[in-house]
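The following block contains the structure, expressed as structure tokens.
Labels A, B, C, D and E are assigned to the chains in the order they are written; within every chain, residues are numbered from 1.
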Amino acid sequence: MTLSGELLKGIYKENPVLRLALGLCPTLAVSNSVINGIGMGTAFTFVLLGSNIIVSLIKKGVPDKIRIPVYIVIIASFVTIADLFMAGFAPKLHKALGIFVPLIVVNCIILGRAEAFASKNSLGRSILDAIGMGIGFTLTLVFIGFFREFLGDGKVLGTPVMGSSFEPVLLFILPPGAFLSLGFLMGFLNWIDSKKVRK
Amino acid sequence: MKKTFKGGAHPPENKEYSNSKPIEDLPLPDRVVIPLIQHLGAPSKPVVSIGDEVKTGDPVSEATGFVSVPSHSSISGKVISIGAFPHPFGKDIQSVVIESDGEDRWNEKIKFDEKYMDIPVKEMIEKIQNAGLAGMGGAAFPTHVKLSPPPPKKIEIAILNGAECEPYLTSDHRLMLEKTEDIIKGFKLIMKILDAKYGYIGIENNKPDAIDKMRSITSNEKNIEVVGLNVKYPQGAEKQLIKALTNREVPSGGLPMDVQCLVQNVGTALAVYEALAYNKPLVERVVTVTGSGIKEPKNLRVRIGTLFKNLVDYCGGYTVEKGKLIMGGPMMGLAQYTDLIPVIKGSSGFVVMTEEESFLEEPKPCILCGRCVDTCPMKLLPCTLGTLVEYSKFEMLGEYNILDCIECGSCAFVCPSKRNLVHLIKYGKLKYNEIRKKSA
Amino acid sequence: MEAHFYVSSSPHIRDRESIRKIMFSVVVALIPALVGAVYFFGARALWITVVSVLTAIITEGLIQKLRKVPVTISDGSAVVTGILLAYNLPAGCPYWLPVIGSFFAIAIGKQAFGGLGYNPMNPALLGRAFLLASWPVRMTSEWVAPRGGTLSGITTWTGATPLNLLKQARKVIHHKELYTDNKIQESFRILSDISSSYSALFWGKVGGCLGETSVILLLIGALYLLYKRYIGLEIPVTYIGVVALLAWAFNGTKGLFTGDPLFHILSGGLILGAFFMATDMVTTPVTVKGKLIFGAGCGVLTVFIRQFGGYPEGVSYSILLMNLTTPIIDRYVKPKIFGHKKVE
Amino acid sequence: MRNIIKLSSILTLVTAIAALALAGVNTITKPLIEEQMRLAVHNALLEVLPEASGGVCVDVGEKKGELFEAYSSPDTTGLAGFAFKAYGKGYSSTIETMVGLDLNGNIKGIKILFQQETPGLGSKIEEIKYGKSKPWFQEQFKNKNAERVAVDKDDGEIKSITGATISSRAVTNSIRNGFKKIKPRLEKIIKGEQK
Amino acid sequence: MNFSELLIIALAAIFVQNFIFSRFLGLCPYLGVSKQLDSAIGMGASVIFVMSLASVVTWLVYNFLLIPAQSNLFYKIFNLDVEKIPDLRFLRTIAFILVIATLVQFVEMVVQKTSPSLYRSLGIYLPLITTNCAILGVSVLNIDSEYNFIESLVQGFTAGIGFTLALVLMAGIRIRLDMAEVPKPLKGLPIAFITAGLMAIAFLGFSGLSLE
């Protein structure tokens, strides 16, 4: 695969959330606003990038039997770093994302990429993969976040954009709205794909 | 004790077309087609060749095992062909075709035997097999097999099935009115063969005249009781009949003898009597020809092998050009694509429906209304069975006990979505059995 | 003459019942309540119903066109959904509410799953739950007082619908420390007055969703459906029975077995729900035993939500929640098959 | 066996390195985080008790961070008022409010510190109307006596949010009840100060 | 300790703040293992067990090792000054995940040894559970909510029950969806999400629950 392909695949073709159905919990939980999506996406990308780099660097030295535990420790370390810095520099966001920051550690995308990609590929490719996947994840969160914030709260990035006569569809900002938005987004992508295939 | 079972349906009875028509003898046909398969079990093997002269009652084929019966010529004449001919089961089947000599000369051995009651049981059973008896209630299971339960089993209750729950059909009804004594004699023979303690005669309450007649004839018999049954389909189905009369449930996968019962159709009882008392093989039976597609519906005594077309012509012909021809009743009967099919031992009637009557709506998705569940006499979940088959989930059919289905058609009848449940279930049974065989 | 015969699998005759007949009978059965709604709440009740039904039909037709499947709007199921959704709205709500609700009910509650027969949950109730979650203020404050009566059905109290009144009063009494004496006394008076609302509740002279208020008119329709055997008594009777029992046992303010079962039966959407919505066959169990469990479950949940929940009324959520259990009930609760010793 | 020991020691080593690295990060961020937390409280205090600006707030709570004294000058003299944290169970969260009081028990300002009420409904307790700079719901509390605040539905003066009576009540009642609870202590402190 | 408080924790974990429908924790196994009823029940049972156990163990780790308070073992054993106890809270994430992973491994081993039949029905789900955020989630939530030991256990156990409830209901519905004419683009995961959304709407009926 070309290098740019390595970067871009995570955005659409192998989008971790929409295509691989991984990392669903944070996607649904923090996608109620754009800003949450950006925050989560950034933290996630940082952890993914960090762990992909380290895993790719040490891939030869780790015995197979303890590969997973070692990866988990590495990932957990980066998560903690992200967690601590976020608490120090962006306390509001940190509070809004709640337990989903520490939970990045079990996010299946990260372990999945470490396992399936970084442990088998060169450092450069692993970095590109991490950035691509991170962007794919972040974009998905931001997209769903935009949709939910706009419909459910009448706001974009926290600023009211609809007139006062607009009565937002509260459901979208509530938990069911997350499921419905993601479900229909996935269905929509399937529909587009089927159109493409027919052509 | 409630004289019925749980579930069931109430299709329109439509018996008035023919229930007051006395049985008439159909004039002898010019030729008969005698299929070698008219019963459940191994097909019989022909014993005549083309050109042979036969008399009425002469065997034309022999049984090929215990669960098999011979066929007999139903007229006198000459064998003109042996080959595959259209058959009510929907495919062509090996048959012996006999051309009538118009004289109806009977085999000499067929005559009244005064001491018929005294022959040993074993011989009786042999005679019944040789007479070619197969159940006349529809399934055509060889009668002698049912009458010889394997040693540890003991039949305590013999049941005469006069329910005739299928709409339209009236042949059993007319027989019970016109041949009452002979039927009872046959029933007593059956009880004697089995050494049965009690006899029940179950008749649906829509035939009060038959109940009265049967009661008057059996009033002196202490161990025979005539029981009026709720009018409900499928009251005549073996398991449901036993449940209604004795409150016993034939276990799943089991046979009536597992609950010490045996069920025979009234026509079979008559045939048993004639086979033992007259040595008469099963060469004729009573057939109801009915439905709004028939000009003059009738009950006819017909030689086995007579083509259905002859029956129709005798009944004045069809009223319509297009319609549906069913051998048996409309709930379980087999639709025929031609009327050039022979009457066989299990043909209790032919129903001809008009085009409008035979129109079936497009099936729609199941709305889970549960009507089929309420109505199923076996207490299955027909809707689920149907859906599982539609989506090819054959391996799950066992969990829903598909093999317990008696294919009575009640579920499909009541379904507001007009689903072809029985069709699906039949197909499902086939597939499920395949899977079971493979894994066994 | 050479006759031509059709061939098909048995059985060759079918019952006259059809989906369409059943659905339009339900429509007929719902008409008395609509007449009542128009009488009590004015012509707006009729228009809301019309808007809701039309949206339901158009949505169903459009989606089926889009999906390129046969358009089945004439089977009447969308009409029933439309009417029932309208019956679940306050009479004073703006017209866009039934439009959006009906769209959600049909498009997402029903067609997304493949249409009639495939939806796991009651579409009309999903529509209502969607509206309630999205515009709670609209859905809980657009009440219209009935002609010649009050919202509460009690002449001396005008502020709220009966169950709301009860809920608020109970709350005040449980948290006396938070409220003024005035308020506490008032709450006690409400509790003692509540039984004077029976007749208003029975006839429908009370505030509430437009189709749920009149017990007698709903029962007339329900009797018709029972007579036609389109609904059975299993669910309604267990549902209402369990509500009565539990309300009597636990809803009193003076300890166990001091509750007012009659009030709980007559008020809110229980009659509408029990006879017309908990009986929707698509989303309820097929077996008799299953239906009894379903009805009882609805009863328990309704009382639980009325008693402890954030909403004064629990009927719609109870039915929706029990809808979720339907596939499991159908899977594990089977009738005893003829000839089997026991259900495994 | 030997293998197990080898594997365990590698794992331990990795973990130890990770722990050390994290300890390093922690020493950097810990003061930052603590400062953030302090700032949050401090800013809230200043907001609800502008009189105390310039002065410091001294924590006097039994439970850490529940009750504050405010002084009008840096050397902790001249008691200017109090602030306390009130907790009320709302619709879907426990709402945490900082309440500023003058010495007579009149509210000088309130600030919601934490709430997770339904967005668009209960969360309107923090809504800032277009063109305004302060949340209208919280502004209502200014200069009301903490002992007597109540929402309109309970015959009080605080206008509750439509469709979110529960959240409105939670804030209001938590302030009233919180004040009732600390009142004796406040009186004691004031007496001590006057001595 | 107050019984009604525990009841509130339980009701919240099962209904009001169901891990699936409200907290969004454990969605992978929720969607992955809800295609069949038997496996849903097996998975549910495993999660209930592991969640309870993890709640207890992580609570102990946090309160006896990580926080600088009198409960800390350093304080107890070395008689250290509270002020001087190292504040190891920053190690929470790494400690919890390792504890949980070890715990699951251990449980797997024990079950395999003691009850092969149980292992056959639950064993396959155990490895899946390590990377399930519901387990780590409940552990972190217990700490964030400042729950005591019993409260943590109750929350862990009942959250598992809530998870199982959601899983089993979903499995029932998905079996039915398998035999429905779902529009093509929505087949599979999309309709599963939509169903979960509608289920979450139904669970809104429990919102605002208060025991009084």
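In this text, a contact is a pair of C-beta atoms (placed from the backbone, for glycine too) under 8 Å apart; a residue touches a chain by one contact, two chains touch by 3 or more.
This one's a predicted model, so the numbers in the text were calculated from it and none came from an experiment.
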Among the remaining chains, which ones contact both chain C and chain E?
A, B, D
Identify the chains in contact with chain A as well as chain E, in label order.
C, D
Dominant interface by contact count, named by its two chains
B-C
Computed distance of Cα centres, chain C from chain B, in Å:
50
Could you grab the centroid distance between chain B and chain E? Build each centroid from C-alpha atoms only and quote it in angstrom.
62
Using mean CA coordinates as chain centres, what's the chain B-chain D distance in Å?
87
So what's the Cα centroid distance for chain D and chain E, whole Å?
31
At least two other chains touched by the same residue of chain B: list those residues.
365
Note: chain C residues in touch with at least two other chains are 108, 114-115, 118, 130, 133, 136, 310
Mind pulling the residue numbers of chain E that touch at least two other chains?
90-91, 94, 98, 181, 183, 186, 191, 194, 198, 201, 204, 207-208, 210
So the touching chain pairs work out to A-C, A-D, A-E, B-C, B-E, C-D, C-E, D-E
Provide the residue numbers of chain E that touch chain A in the complex, in ascending order.
21-28, 31, 90-94, 96-98, 101, 131-133, 135-137, 140-141, 144, 183-187, 189-194, 196-198, 200-201, 204
So in the complex, which bits of chain D are touching chain A?
6-7, 10-11, 14-15, 18, 21-22, 25-26, 29, 32-33, 36-37, 40, 114, 118-121, 130
Contact residues on chain A for chain D in the complex?
32, 62-63, 65-66, 69-70, 73-74, 76-77, 80-81, 84-85, 87-89, 91, 95, 152-153, 160, 164, 168, 170, 173-174
Residues of chain B touching chain C in their complex?
5-6, 9, 11-12, 167, 239, 243, 249-254, 317-318, 320-326, 330-339, 351, 353, 355, 357-358, 360-361, 364-371, 373-374, 377-381, 383-384, 400-401, 404, 407, 409, 412-418, 420, 422-423, 426
How about chain A: which of its residues touch chain E in the complex?
21-22, 24-26, 28-29, 69, 72-73, 76-77, 79-80, 83-84, 98-99, 102-103, 105-108, 111, 171, 174-180, 182-184, 186-188, 190-191, 194
